[in-house]
Amino acid sequence: MKQDHDWQLDGIVKQLHEARSEWRSAQGRTHEPGDRELPSRTVMQGIIEALAGALFPMRLGPADLRKANENFYVGHTLDSALNALLQQAVLELRHANRKQPVQHEELVQQARAIVRRFAAALPGLRRLLDTDVMAAYHGDPAAKSVDEVLLCYPGVMAVVHHRLAHLLYKEGLTLLARIISELAHSDTGIDIHPGAQIGPSFFIDHGTGVVIGETAVIGERVRIYQAVTLGAKRFEADEQGNLLKGHARHPIVEDDVVIYAGATILGRITIGAGSTIGGNVWITRSLPPGSNVTQATLKNQPCTD
Amino acid sequence: MKQDHDWQLDGIVKQLHEARSEWRSAQGRTHEPGDRELPSRTVMQGIIEALAGALFPMRLGPADLRKANENFYVGHTLDSALNALLQQAVLELRHANRKQPVQHEELVQQARAIVRRFAAALPGLRRLLDTDVMAAYHGDPAAKSVDEVLLCYPGVMAVVHHRLAHLLYKEGLTLLARIISELAHSDTGIDIHPGAQIGPSFFIDHGTGVVIGETAVIGERVRIYQAVTLGAKRFEADEQGNLLKGHARHPIVEDDVVIYAGATILGRITIGAGSTIGGNVWITRSLPPGSNVTQATLKNQPCTD
Amino acid sequence: MKQDHDWQLDGIVKQLHEARSEWRSAQGRTHEPGDRELPSRTVMQGIIEALAGALFPMRLGPADLRKANENFYVGHTLDSALNALLQQAVLELRHANRKQPVQHEELVQQARAIVRRFAAALPGLRRLLDTDVMAAYHGDPAAKSVDEVLLCYPGVMAVVHHRLAHLLYKEGLTLLARIISELAHSDTGIDIHPGAQIGPSFFIDHGTGVVIGETAVIGERVRIYQAVTLGAKRFEADEQGNLLKGHARHPIVEDDVVIYAGATILGRITIGAGSTIGGNVWITRSLPPGSNVTQATLKNQPCTD
Amino acid sequence: MKQDHDWQLDGIVKQLHEARSEWRSAQGRTHEPGDRELPSRTVMQGIIEALAGALFPMRLGPADLRKANENFYVGHTLDSALNALLQQAVLELRHANRKQPVQHEELVQQARAIVRRFAAALPGLRRLLDTDVMAAYHGDPAAKSVDEVLLCYPGVMAVVHHRLAHLLYKEGLTLLARIISELAHSDTGIDIHPGAQIGPSFFIDHGTGVVIGETAVIGERVRIYQAVTLGAKRFEADEQGNLLKGHARHPIVEDDVVIYAGATILGRITIGAGSTIGGNVWITRSLPPGSNVTQATLKNQPCTD
Amino acid sequence: MKQDHDWQLDGIVKQLHEARSEWRSAQGRTHEPGDRELPSRTVMQGIIEALAGALFPMRLGPADLRKANENFYVGHTLDSALNALLQQAVLELRHANRKQPVQHEELVQQARAIVRRFAAALPGLRRLLDTDVMAAYHGDPAAKSVDEVLLCYPGVMAVVHHRLAHLLYKEGLTLLARIISELAHSDTGIDIHPGAQIGPSFFIDHGTGVVIGETAVIGERVRIYQAVTLGAKRFEADEQGNLLKGHARHPIVEDDVVIYAGATILGRITIGAGSTIGGNVWITRSLPPGSNVTQATLKNQPCTD
Amino acid sequence: MKQDHDWQLDGIVKQLHEARSEWRSAQGRTHEPGDRELPSRTVMQGIIEALAGALFPMRLGPADLRKANENFYVGHTLDSALNALLQQAVLELRHANRKQPVQHEELVQQARAIVRRFAAALPGLRRLLDTDVMAAYHGDPAAKSVDEVLLCYPGVMAVVHHRLAHLLYKEGLTLLARIISELAHSDTGIDIHPGAQIGPSFFIDHGTGVVIGETAVIGERVRIYQAVTLGAKRFEADEQGNLLKGHARHPIVEDDVVIYAGATILGRITIGAGSTIGGNVWITRSLPPGSNVTQATLKNQPCTD
């Protein structure tokens, strides 16, 4: 391959530059500072892996760890992960404030306070996750041990990500929270918006295709299966046709509800405590406690022809 | 960022320690040995990649491999992968026996016998996988060559994982088997329990959202599409309400059946040979051979309004 | 573990060799050259990441990049990615021509012409992707900024992959194109065949389980949700029962259509401009512009029992 | 290995903590800020490799580089290396100023000005290094091409490091300069203090064991061999016995001097232009131009016995 | 490059196998167990880097470490390094005992006791190294800070390695000790046998080419320069001509001695306290305290001709 | 650090481009092809490590290797290393022929023949290295086992590199040979030109600073110590003053010679069989067999003053 690889790059680089310039003009971004302002997906992945190890050292920590020295590992790993999180938090805050001038030092102070609260919440979060692990163990007849559950179950890993992301979401770091959710989504096919509020002992089995929206509220001991959607029925818009953001538009699922695979539940409705929702069912109205819904077609069995 | 990063770690580490201690007390694990006992997902991934390369050296092996020297590569790669598998097998056996005292050497003997049988089964497994590759090539009008199928098709990769996992499942290494299944699940969105029994010439197209349960039995030349579920209808419990484990609770799919996207087939029912199951259909009763089921709603076409 | 690890490898290696030989005989491949002929998934992943960085340098490029020096980065990254793509293209062309003798130099010339056209198309592709990013931002009430959209949304990342893959598909490099599609499929659960033709301002939300077939045609400003299928109704076969390849068999979706989660649209039908397709609907007939289809069961609300 | 690995770490960690505390008290460092203040050897290594690539793109740059696109590579690599150098420079300046309060922003300004001057000096430095490469090629009868010289000769690599380090030394970044020198020292066994002033067309052959001191001055077209020392004769101390730092204490070597292996030249003496210094000679007095010194023992040949 | 790469490997592999077999026969090793028995250089390098970080956390530990959380880092790093050292120690003990049968568990017990003593010695070793760092800082007029000394000086890094290696040497783990020494030798060109006994406040400047023999004894506050040899004069042999091993054959250097570059001191002689040894001097007889030796040739100055 | 990092790169890149252009003009290289033509140091390092593993599988191969499966490892590793070596050989041949047009295929043929002969020489080379290992074991009173010698001794590692490099040197691949030599030089401080001819049972102890020239000839059972030079006395030039290349200019050292540390032996002289050369001696005349030379100054002992 001796000939020249002439890709005419000078022209292409110039045209790409023009495309970027037009976009920036159109977006009113021409005067923004010239450095990259965004948190990093790769860095966040490392932070989450470190936090998971610190929360469950003997099961998700390094292979050569011994119980006798867990605390050293937990302390050092937290320190390192929280320092990295601080930097990412500063990047998000700077991005959020890019249109008004804010002192760098002020952003750092703000980020530091957030990370401190985040750190203080971790022991409680560990106890919450313990309830989820037990829910998975008890909820799946194929589960042989709690260790297998934590090591193998994508639903459990998605909930670990969600509970960490939700802490950041509540602190206003919605971009970092979203990155964490998408890391889990990519690994597990389970898409839980970090804004969703989920009670203890929550279990998702199989999980691929599950979607849980931003304003969903889920009670205690809820169990759901693959491809379940807890979504919005429609998007509300204001008089100019702009989408309204942030208002409650996803379902409330009360305690002890089970939702089987493929069920779709839409809108700000309430599924009453103790209900069972059958597979593939489509629901857009509230249900009283103790409801037992199955697909209409079950009564209307598909016939062979 | 000159100020101190004071995360109050001493307190947090202490609280996390307490949370772990309480969990261990609650689980009756206080007296277990202090080292990590679990197999490693990362190590298993390396083993599976090596085995895949040894099974298909010219397509999944290293880029610079030549046919003339395949056997050296195959032999060395198998040796290395089987040695690593032996270690993981010992870890699983030790974990499984953690409540009774077993000599380390005895576990090694047991693991070694398993790995030896596993190794001996690989040539047969290669021939089985060849039938799956051909089924994919013939079953998809978009497939241009068998090489493309092995390189690109997530359904084929999921079946390679499954057939390896199933060998270990039958040997009682259910945790290793499960880890392998979840590696495929994470990559492909296809969730096949390692216990499922699947005949030759099996093809899954697209695949995202497919779930196949532990006691499912699938015949020869079966083809299924994305989001198909072969699941349990309900979980049987004993008189105390504990889930019964291990009994047959998933469908039997006989030879030459095709199941289109989104179909849900639940319970220990039998889909007779040569049947075709339409998309999104929900089935909980057995079907005779040659059945052709389509969605009830096809007769009841959704109308525009 | 002092005992010998005797895996009886000599016999197993021999049997695997026999299995490969039989397969090669059966496939008529005994006389093919002895080197590996296939492009590499890992190399293609690196190329796609580099191209994504070159297209969106300040958001997907390296963290320390500054606007002042974007062009250097873009130029160098393109050069390196295009050189690598050239090599992969040669591998695919050689594989495609493995049954007839073609001069190596001729294949390189052919590949070089393709890569040159591919490179020249990149500025236009960037402008097209800008419309997709804006569509995502405007289409999701949860989206806080266009940066978040590009960084986090799997649907956007799938479209970036698709538009690059589609360029190669049109050049006849269908294997490289397929590898790119499957990289996105594995990461996002979104399976878009590289042959699909998709207009500007396209947005997929959540995305897990979406399948878009090879001959699908999608207009401008179309929005679809998770688990939507644009598939083939049946596979046409010739008189000998061989599947017909390449003919139009997937839907045409006109401008400004919205398709909600789980909808299945099959066959060479047309969904008229401005239509809205409700969730879980199953459609196999064309619809006029402005149609508004919802699930039959909505009229036939699942009742509690 | 089931027993506990009890290293009594609590006690050891405590004792190490005490040892550090005592050292910090003794050094008056108790009140310094609690973060790490020092530049990183690993980061500097990456910076030097990048700069070497930018200076000689077709010989030390990436393997797939083409002449047509050198400038993109050079520009991007410089940008990235200079950004990284800026950060290291800030770390050194902060360390140098750790006893007085300096605004972070002020340090950044200072570092930025240094890096800008450093960058502007690179084209001249490349021309200087070209003279060194030619000197190596002409000075070694074993050299087959200038490419071999740049790729293989440790003496050339040591000079590349030295000339970069010397630029930083002159800017007062003596710690960064020293780190660069030690990187070369470790790789080549050639120890050139970054303060040494060295003229064009300089060549060190073989090189292991060469030591050139901080205040040495070397003219044009000088050639030296392994284990040559240009050192200080004695260290001057003040009346309190403290070593005097920084005064001229190493030799001046004028133009066109050759110094053979193992020669030791000590003190602020001058080796006159055009002199030849024989191997293993020990010199502590100045020599006039054109001197030709050989070991006394040459006249006094070692006899066999 | 389509033609076959036919390296005739079958024959070459067979011949290499024969060469190994002959060697093993000649060495009486045919009946040894078939697994690799030797410690790993790479693993030892990781252990040493970890120990260096634990000894000097704020200067050799991770860049993001803060004083407030040093102890967590120190504890976790020690735990991990000591666990790895235990495994290497077991490998060396098994190798040392390969001709007699020893229970694996017995070797582990022995190794564990050694590692425990090694760990307990670390705080004292840190204090010793502090004296070496101060000696370097005070002994070199070019040293700007103690931090620079620890970060940059190869002589200091060689002493850190030596003091760790010497601990293991005294425990009988001479192979591990030797590996550590050679790691330093390769990096710095300083070759200190791990058996050498070296007092506090020891400093080697420049260092390339220094050789210190196994039975050398060095007092307090000794300073030596590059290419100094403390060697054996001759090797004693027994009546059969076999080299005698282990007897004292290297010099004793008393307190406060300075030895300049290139001096060679051979045999079990004593250099009296406070002596100064000039550069390139060759010494094979003991010297009384306070001696001041310079090269004979200094009196016999090399003349120009 | 919000301000712009303005390094004025456009100007610097332009000036660097001019410097390269001038150099290329001066070197008559303007019309050379635009791609990088040189072998890679990193690739050669990988090749050498692989070859060392294939030569000594149980000591330098992978840690998990078992004797039972050595041959698979050896065969696969050789295959991979030889394929890589072929590519490097083609690069060197192309570079060597860059001024005349040679068909790529012709170069490949030539390279393939060289690599085939290289491969065939490996079993003999292993037997030769076995004699070197034994020489090291018997020549050093500190050596505890042959395993330690191969694992730890830099002199042995330098000889392994040299013997491989010398094979390539004899085939005319002098650049690849030189790269291998410099890899050893950098690691060990031992600089053996790949052209040197060295007999069996060769041992270098300590080694730092050893230099052995291109045309040196060394007999059997020779032992040398650190800082020994076997060099050229002067460089012969033709009438125009150009250095004469390639003629014999380094010493011949006959069988059973020992040369102690720091001895310098220069010119095409012969050191007769069985001679012993003392440390730091300077020799430029031939010596008869059985000579025993010690430093003149030994008779003229340095006196204390």
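By written order: A, B, C, D, E and F. Residues from 1 in each chain.
Heads up, the rule we're going with is that contacts are C-beta pairs under 8 Å (C-beta built on N, C-alpha and C of every residue); 3 or more make two chains touch, one makes a residue touch a chain.
The shown structure was predicted, so the numbers you read here are calculated from the model rather than taken from an experiment.
Copies chain A and chain D of the same chain sequence form an interface built mainly from equivalent positions, shared numbers / all numbers used being over half. Centroid analysis (C-alpha atoms only) places D farthest from chain B. Between chain E and chain F, the centres computed from C-alpha atoms are 25 Å apart.
The distance from the centre of chain C to the centre of chain D, with each centre set as the mean of the Cα atoms, comes to 52 Å. In chain D, the residues that reach two or more other chains under the touch definition are 1, 4-7, 9, 13, 34-35, 64-66, 68-69, 71-72, 74-75, 78-79, 83, 189, 208-209, 227, 262, 280, 295, 297. Residues 62, 64-66, 69, 71-80, 83-84 of chain A are the ones touching chain E in the complex.
Residues 54-55, 57-59, 61, 63-68, 70-71, 74-75, 78-79, 82-83, 86, 108, 112, 115-116, 119-120, 122-123, 126-127, 130, 138, 141-142, 144-148, 151-154, 187-189, 206, 208-209, 226-227, 261-262, 279-280, 295, 297-298, 300-305 of chain E are the ones that touch chain D when the two sit in their complex. For chain E in complex with chain F, the residues that touch the partner chain are 1, 3, 5-10, 12-13, 15-20, 22-23, 27, 34-41, 95, 174-175, 178-179, 182, 185-186, 189, 191, 193, 195, 208-209, 211, 214, 227, 229, 231-232, 235, 243-246, 249, 262, 264, 266, 280-285, 287-288, 291-297. Residues of chain D touching chain A in their complex: 4-7, 9, 13, 66, 68-69, 72.
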